[in-house]
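Okay, got some structures for you below.
Look at the two complexes coming up: chain A is in both, with chain B in one and chain C in the other.
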Partner chain A sequence: MKKLLIVLGVLVIASIAFVYEGMNAKEQSKETAVNMPATTLPASKLTELQKDYPSKNDQHKKLGFDCVTCHGDFKDPKEVLPLQKEQCLTCHGDYKKVAKRTSFLDKKEVNPHDGFHHKDQLDCADCHREHKPSVNYCANCHDTKVWMKSTP
Partner chain B sequence: MKTKKFSIRSYVKGKAAFITIILATAFVTIMIALFSTKVIHATGKSEFCGSCHEMNTFKKTYERDIHGGANSVGFKADCVQCHLPQDSQIDFLSTKVVSGTKEVITHFSGQFSDEKYYQNRKNREDFVYSSGCISCHQDIDNGKFKTDNQKAKKMHTYYLSKKGSKQAIECVSCHTNVGHNGELRHKLIDMDKYLDEK
Partner chain C sequence: MDRRTFLKAGAVTATATALSVSSLAPFVEAEENTDVEFDEVFDIIVVGSGLAGTTSAITAAEQGNKVLVVDKMNILGGTSLISGLNFSCVGSDEQKARGIKDSPELMAQDMRKVSEDYGDPELALTVATMTTRFYHFLKDRGVVFKEFKQLGGHSVARAVWAGGGAFVIRPLHDYAKKSLADRLTMRKRCRVDNIVFDNGRAVGIQVRENYYFNFDAPEKDDEQNQTGKIKYVGARKGIVFASGGYCRDKKLLGAEADILEETNSDANPGARSGTLQMLLSHGAQAVNLSLFRLAYPIPTEDLMWGMLVNPEGKRFVNEFGNRNTIGMTILKEKQKFDGKAPLLIYDQTGADNFHDKQRFQLSMDAKNGYQGTMYKFQSIKEVAKHFGYDPLVLQKAVADYNAALDSGVDKEFSKDFSQMNGAALKKAPFYAMPLTPKCTYTPGGVRINKAAQMLNSTTGEIFTGLFAAGEATGGVHGAMRLTACSVPDCGAFGLISGDNVSAMIPVELQVKKK
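And now, the complex of A and B:
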């Protein structure tokens, strides 16, 4: 009887452990020795700067981007320039790719990335701002409240 | 109790014992069948996953994706190669059992909707496993990644520098379009609701 109980106990514990493992399976990703190239300004200074210029983009925040990720390395914060379209597109692909990704807006024919006007002539920053609230360029002429959500 | 010798025989007496043994044998057989490699493989393919109609969207978009056979070399990844962890067999199996059970419960209780799937896209790191990506795209992980695109190189170094830390990012954190031809947002969205949430 005792042995049977032990066997049963082991089985029960094993299956609980198995289910627990399945519910909490986080891959065991190991830390690597890889580091990002050192920046001219120390990391502490960059964190400070980031408090003054916080990102308003949830996705970029989630990825943990710092100033250097987008703006490149710099010595003096004053020399940092706003991003050009081409710089955004090094990660976001090209205009066509962005238009495809946002093609769910096509259903109402309101995809500004493949719009009736301008096509691929607009700069990203005409609407999307990283450190300030974004603006809706279309609203310069249109009453967009009916057919557009606030600009991400 | 102490003096009583343990013997199987003492348990194999009577009708109740007989039924217990039959049930136990059936249970063990089912478990073995479930865990045999063939079944594990068969239940990881899109034909199996797509046999429930709530998976229709996912199956169709996957079939149009480069990972779902829409390529010139005829390569096709199974659902589980991305959607289950590939770092160890135990992780793989236990996650398969638990998430599979969840899916079955969701299926029979009918608690699924396009809206829920749409909302769940933001939790994508929880159900698309980087170890799955890396099991094929090994160069990303071993540092031999070659590209002419300097920014791509930089961002993959960034991934490696964060890997395993608390601020770790996963492949799908950035590669949002992968696996389903970038169509899921498009297919699952309810435009009227989307415009309402201002």
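And now, the complex of A and C:
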């Protein structure tokens, strides 16, 4: 059992590279090297957890993400917290880059990634949810349907 | 309960909570309890990262104290960050440049005029007296005022504006990060659940770190949110509650006045009453909780250029009235029609008459808050179609209104038609929006004295080590609150609480051994 765990650990430590496409067609696709975090969780447990907490993000699913890809290693799933922006940005570049992808909303000062009120304070997961339908955080206070479509 | 027993009771409660981590711990008598152990200890803890809390924390840190600011939300800044933060100020450079004569007494008098004699006049005067110092506090720490305004209810022009809350809060937070990094820590997603008392003195707080506010069911957040990890943080000198108002708490608003459940609010989604209830459980005094301040996406003063009709196409109020009277009438009308808001319609002349064109434009751009969007139409028929009215009904309402305007007398609601400056419903295009009053401010809260010390409801005496500032407090404004007067309130009691908590004699507190 112990040996198996170690092997598994080595396997997931190996870096993977993947490609993702932005919303702005003009943007060049870039390869991002991501270090997969090590885990002591057995593969069977990870599969089980993925059933309990399925992803709603097709792109992430295609890339074969499991729990630890995003959340890092953990022992008890109850300890797992929603992601902070820094964690998402390890793959998605920086806030400025994300803001550029939605820069068509700049004109009316309603680009959520460079918000009039919040600038770069919001966590990605405040809108984009992995395990639940995404929401529009701005809609807590605004009639956002006039500005933009539903959140991916 | 006399003071001694209250203090004892307070200490017992705190001891019990502080020890609840190891629930097997024996019950400790209050007087003997001097060994509460904390995960961390600071000189001063400030609850809330809005304007009042930020001001208090910076003031205390500049006096050399180690300060912790906690906020339960996902971001820092509270309602202040998303507010207009227009600031009524006596003695600004802008006033001086224009030779405007003003005084704290005059400002306090203006504030009291709309107070309906609720609240404490002494607190209002304290606010007005502190405005000059607060103005320089802000300017010296990077806030730039872009506009100077004469606002409704003020006998002289005295409002300065930095461009919105972000242009006040962001510079202050940046300044704290840059210049006070060694002394001032700001922590988001950290909710204060309780106060730790030791021999009657507030010496710390029980918090939950990694608190995730429940945006999916905000109305249940206070009662049901179980997220976060409990920690105890000590405060050698004291704790300032700058925890904001409860505009979004329909349960409390509705309990105070049934119709307030019909209001909208675009205050901080976390503007709820959980913190207030916790303070009351320790004996803090609640004052003026029934009071409220209604506002509209567009200025109250500019409602008069239009016509308000209910879903049956009938007028029901004089559009040229005070904010709360119009608001209450609309809320009652909404109750009659299952929550459906009345419709406000302008013609082009009415739109041209707006005294605040910036807010009109914001509404046209759909950037004026929840249900704050105004739409443009070429005909009344189009208006009817868009908002689900029978065109004939709406056209008749418009014709009746125009006829009344032509006659010069409003027989139904006594609107002063002589002030209309040509506004009617005649000149296309037309502009319309459903109108629901927003609750943007709660004048009630915990009672404080001039020194920002929190008062005990039973004894009338102060709590040693507990201060409060900003919208969390009650009794400063009374009914309605004058326009642009929350900022000077947050400033005044932010500065005062910062000074006075700094002046406290520190107590020795123990940090838990790891």
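The rule is short, and it goes like this: the second predicted complex is superposed on the first by the 107 of 152 C-alpha atoms of A that agree within 3 Å, B and C clash if a C-alpha of one lies under 4 Å from a C-alpha of the other, contacts with A are read in each partner's own complex, and residues count from 1 in each chain.
One rule holds for everything that comes next: a contact is a pair of C-beta atoms (placed from the backbone, for glycine too) under 8 Å apart; a residue touches a chain by one contact, two chains touch by 3 or more.
None of the values given here were measured: they were computed from a predicted structure.
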First (chain B), second (chain C), both or neither touched by A:Asn35: first
Mind working out whether A:Trp147 is in touch with chain B, chain C, both or neither, as first, second, both or neither? both
Could you say whether A:Ala43 touches chain B, chain C, both of them, or neither, answering first, second, both or neither? neither
Partner chain in contact with A:His118 - chain B first, chain C second, else both or neither: second
Where does A:Gly64 make contact in the superposed view: on chain B (first), on chain C (second), on both, or on neither? first
The chain contacting more residues of chain A, comparing chain B with chain C, is B
Examine A:Thr90 and indicate which partner it touches, taking first as chain B and second as chain C; both and neither are also allowed. first
In the superposed arrangement, does A:Phe104 touch chain B (first), chain C (second), both or neither? first
Chain B and chain C footprints on chain A meet at residues 108, 146-147
Touching residues (chain side chain B, partner chain A) in the complex: 1, 4, 6, 11, 85, 87-88, 90-91, 93-99, 129-131, 143, 149, 151, 155, 157-158, 160-165, 167-169, 173-174, 176-177, 182, 185-186, 189, 191, 194-195, 197-198
Chain A contact footprint on chain C (complex, rising order): 74-77, 81-82, 164-166, 170, 210, 212, 215-216, 266, 269, 365-367, 369-373
The answer for chain A against chain C in the complex is residues 81-82, 108-110, 116-119, 121-123, 126, 135, 137, 139-143, 146-147
The answer for chain A against chain B in the complex is residues 1-4, 18-19, 21-23, 25, 27-32, 34-36, 62-64, 69, 90-91, 100-101, 103-104, 107-108, 146-150
